[in-house]
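For reference, chains read A, B, C and D in written order, and residue numbers begin at 1 within each chain.
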């Protein structure tokens, strides 16, 4: 409830529908955390050499999620194109990380969970991006 | 449940009790998000000149929370002193931000909510720090 | 020379021409630092209420630069579309921040310097983006 | 010259001697970039399984450096204990990363360069920390 409550107390109009905005900010934070854990868990696996691409894409995804979460959290004097492009980068990074984690989901439960989280974040970014792109 | 589930799937022993670790990682993410919103909401207030110190300390707190959340999320080959000092920095930043936000809580609901979140994160960091400092 | 030297020691082929890549990574780091200082300097100015949009866009720019710098620093198993979209977001954020800082350049030396740095980073991102988009 | 020039244009007194402050902010940015490249280069090495601890400590170091660089860049209404603890965390992370990279310096040039950079950043943090701790 934390992010929802504080956004309700913001003095400016929100950049999008409250529920959609909260969902995106929350998923960016969750996805960043999960990707950092997945990259670290992959590092500790015996078959780490098969997981190099997975580690790299999870690290990218965490970085893109943190930037998107920070920038969409701000409601004061928003710059629409910055918000749209950072969401696009996050969506693309989530999709790449999800696709790679899905390849390892049968062998590593952390990859299965990470793929699911990346897909949720991809969906939340896509929804907010669509809302910000409406005329 | 996301961070808890993926930590359960990590191949290495966790650096601390699962519930305590999850609580700290989750509070770091929540506190970073809430501090970014509070700094941004303060910027939009008519009395922004009374909120300069609040904005500054919220920005510091978000940065310290993101670093602490990233570093405590990793379980592979942990370096205890790095984890302890980054938690200490996060705890100190949360305490400073909470104390300043509390001064504005009666006038700004976002400061009241941010102070509460900073106190929760301070408590979670203190608990994990104590656990990591036991002989 | 630091980033150039270590990129030369990387075992994988670089994602782009060394000089162009180093320039982009260095400008992202410089621009992030300068934008953080400019936002903080604006906060301390007597006319802070005229600088709200400047502060906000500098904070966005710093976040976008840090993400772009982190992601383009990685050469192992790169995902081209992630790198392109994060560079696009960085370029857009730099352009927005530069344009706003330029409006205050006559009154605040930190805004003048920040605008210059944002333009340099915008140019470096555009060059790398063009190189990564060639068939 | 970028960070030095903009700090000279800041309206508030700096938290420390200009040269010392600039050195610390610059080293934090350089060290973060170098550690991200070193972790990524290690991932691509044939002996990645011998480099797991190195990768993990470089990732921690980059995160600690980014937080310390962001927080020490701010001069407005500084909170001394936050700045000291985040510098302490950065110093500790640099030292750990340097020590591990030194173990691989003979085999991997990127580890040798990264160890050198971590030692420079450790020294810069120690100098600023000492200055901020004087009565």
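Here, a residue touches a chain if its C-beta (ideal position, glycine included) is under 8 Å from a C-beta of that chain, and two chains touch if they have at least 3 such contacts.
Just so it is clear, the structure is predicted and the values come from calculations on it, not from any experiment.
**Student:** Of the other chains, whose C-alpha centre is the longest way from the centre of chain A?
**Tutor:** It is D whose centre lies farthest from that of chain A.
**Student:** Between chain C and chain D, what is the separation of their C-alpha centroids in Å?
**Tutor:** 19
**Student:** Taking the mean of the CA coordinates per chain, how far is chain A from chain D in Å?
**Tutor:** Computed from C-alpha means, the inter-chain centre distance equals 27 Å.
**Student:** Enumerate the residues of chain D that touch no fewer than two other chains.
**Tutor:** In chain D, 40, 43-44, 52, 56, 59, 66, 70, 74, 76 touch at least two other chains.
**Student:** Take each protein chain as a node, join two nodes whenever their chains touch, and name the resulting shape: line, ring, star, complete or other.
**Tutor:** Contact map by chain: complete.
**Student:** Would you mind writing out the residues of chain B in touch with chain C in their complex?
**Tutor:** That would be residues 40, 43-44, 48-49, 52, 55-56, 59 of chain B.
**Student:** Using the touch definition up top, name the residues of chain D that touch chain C in the complex.
**Tutor:** These residues of chain D touch chain C: 2-3, 5-7, 9-12, 25-26, 29-30, 32-34, 36-38, 40-41, 43-45, 62, 66, 69-70, 73-76, 108-110, 113-114, 117.
**Student:** Going by the contact rule at the top, pick out the chain B residues touching chain D in the complex.
**Tutor:** 52-53, 56-57, 59-60, 63-64, 66-67, 70-71, 74, 76-79, 81-82, 85-86, 88-89, 92-93, 96
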